[in-house]
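One chain, chain A, appears in both complexes that follow, with chain B as partner in the first and chain C in the second.
Up next, the complex of A and B:
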């Protein structure tokens, strides 16, 4: 299983390195959205709940772009069939795709969070950055698992560009709510600790969808 | 034990029946060539045998295993050369074949050997999208035989290949490969020369099933009228 996941992940990253179809698009989208918020709100800085909401909504919409592209090469170039013909655990594909998406989200945040701090955020992130990274990581896990599940479901339909976001967004809502509530104190003027209740909610949601994805993924690949 | 045994196989796409009433038995080491006009169900038959499509009726046994119940035991023992090369255009031939070698647990040295056999060792570090269709087909042939499958499923395997390239892949997918083969073809003369048994399909139904020696080119041509 580990060897298969490594082979799939390696292939995934090679394709992204050659085509640059996901990470640059996601990052550019996030930057543009921050600029739009900057002018639309007509405020030079935001903090607290508003800042957390803007950050999480922007990251999740940017993530949708990556989710939509996740299985495109496999569907269009026959990679699905190539994989299905191999005598390997199909759960390896779920794991490799989720890991790839997780990595894309981390790269997105390496660009988006500093840009957010520069363009919109009032309070400094100096003291709260490690906690914010923790909250983002928990959110990313959920987005990666749900995104992979939804992408695998949508990619085999003709309306995949529409179906992917339509299925993913409602499932991402609890992540936006919990992520924004947990990170709101971190983006407040005086700083603070992330709300434990919302961190636990994020963790449980990740675990729940991890189990659902593992149970369902095999069926999604079946004819 | 037959390598392929079908009894009343049927497969639909929605309401449309793509295959129906297909029954045959193919012994190990034999070659079945399937003829029929476009849309006759040839590719569907190969995809059912490859475990990529479930049969909707009838019984299917491939390499002694019933499908779809024991599809997991058949995967890795069949090699499919489909219309699509099942390769990634942004990866090189080397990267594509190494990827499949890792999935099948095949030593990476075999990749180099196969690239030499299909004479692509010099172009193997270029992305597939920069290669001609014939070259991509040669890589696809290498991919299909990479794990030395017992059963080869070949969908118009010589499409896009010039005569020299066709000769090049002969030791891998031709009679010299000494494997059980199910081949789809539109070339009656070549197909008959390769076949032990011939299946003619028309609108998903068997219109001809006989030993190759008892079939004439004219009978095959009749399928297309």
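Up next, the complex of A and C:
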């Protein structure tokens, strides 16, 4: 299992390294969205609830770009067929794709969070950065798992570009609730700590969706 | 694949009893709501919508979860009827969910003066669940292969059914508790209100069951009709061209051709 996941993940990253289809697009999208928010809200700096909302909405929409592309190569270039021919556990594909998406999200945030701090955020992130990284990591886990499941559901339909976001957004709502609530004190002028219950909610949601995705993913890969 | 098994009972058997029961209980429930249940001290007549709104919501959510359970049955057995049941349960629940949102909105307007209240966790959760399930049919009908359609729809139905309780917990956590008092639980209701509520819940549940059976019966009848028609067509095609063909060509002959082409042989539709 571990070797399969490693091989699949390597393939995934190799494709991304050679084509650069996901991460640059996601990062650029996030930067542009910050600019759009600046003009739409007519604010030069934000903090607290508003900052948390902008950050999470931007990251989620950027993530959806990655989700939409996640299985396209497999569906169009015969990746699914190749994988099904191999005598390996199908859960390995879920794990590899989710890990790849998680890595894309981390790379996205490496660009987007500093850019956000530079362009829009009023208060400094100096003291609260470690906590923010923790909250984002918990959110990313959930987004990666849900994104992978939704991408696999949508990719072999006629309207996959439409269905991916439509399916993903309602499922992301609990992540937005918990993630935004947890990060709003971190982005407030006088930084506080995130409430433990939001972190617990995020963690629990990640865990439950991880189990659901693992239980159901096999059924998406039968033909 | 999709036709019902030959041994299945006649389409729609038991439907009449079920519909009569649903109509009767609904009439009793409405009678209780308007003539038996006391007026709410706080909200007066407006509170009557509670007897419609809450049962609709409960039945819709139970229907969503039932759709998920039937989808599990489909994935375990791979029998098309489970997929059909799951589809019908979710379809009907979607309609009930729209009714829930409308009645909830009316209630919110009556009690808070606004059509929508974001600080009302149950209503907000319901909207999110509704938005998720609203993608069920677009997803389903964007897949052509019937077997894959059933499989993917089942995966969606199970995921969404598991999402329902998680979403309610998350949204409830996010809001200061500010729900209409009567909704907390039925235990704090006066007995006459509680009795009326239980009967209303039963009435709405029966209505749901009736509508589901109707849709299932319609789908089964359509499938049987299609099978029969195909059989008849096959028999007509296999029979002597003289006898069997007349019906087929008559139904498939294009409008009268121009005079010059009358001698051309009538086109034969492919089977």
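What we mean here is this: the second predicted complex is superposed on the first by the 222 of 223 C-alpha atoms of A that agree within 3 Å, B and C clash if a C-alpha of one lies under 4 Å from a C-alpha of the other, contacts with A are read in each partner's own complex, and residues count from 1 in each chain.
By our rule, a contact is a pair of C-beta atoms (placed from the backbone, for glycine too) under 8 Å apart; a residue touches a chain by one contact, two chains touch by 3 or more.
None of these values were measured; they are calculated from a predicted model.
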item: Room on chain A for both chain B and chain C (clash or fit); value: fit
item: First (chain B), second (chain C), both or neither touched by A:129; value: neither
item: Touched chain A residues, chain B compared with chain C; value: C
item: Chain B versus chain C as contact partner of A:73, first or second or both or neither; value: first
item: Chain B versus chain C as contact partner of A:201, first or second or both or neither; value: second
item: Chain B versus chain C as contact partner of A:110, first or second or both or neither; value: neither
item: Chain B versus chain C as contact partner of A:4, first or second or both or neither; value: first
item: Touched partner set for A:84, first chain B, second chain C, both or neither; value: first
item: First (chain B), second (chain C), both or neither touched by A:41; value: neither
item: Partner chain(s) touched by A:223 [first = chain B, second = chain C, both, neither]; value: both
item: Minimum C-alpha spacing, chains overlaid - chain B and chain C, in Å; value: 5
item: Footprint overlap on chain A, where chain B in one structure and chain C in the other make contact; value: 222-223
item: Chain B-facing residues of chain A, complex; value: 3-4, 6-7, 10-11, 14-15, 18-19, 73, 77-79, 81-88, 222-223
item: Residues of chain A defined as touching chain C within the complex; value: 149, 153-154, 156-160, 162-163, 166-167, 169-171, 173-174, 177-178, 181, 197, 201, 205, 208, 212, 216, 219-220, 222-223
item: Residues of chain B that touch chain A when the two form their complex; value: 50-54, 72, 75-78, 80, 82, 84-91, 95, 99-100, 102-105, 127, 143
item: Chain A partner contacts - residues on chain C that touch it in the complex; value: 75, 128-129, 131-132, 135, 138-139, 142-145, 147-148, 151-152, 154-156, 158-159, 162-163, 166-167, 169-171, 173-174
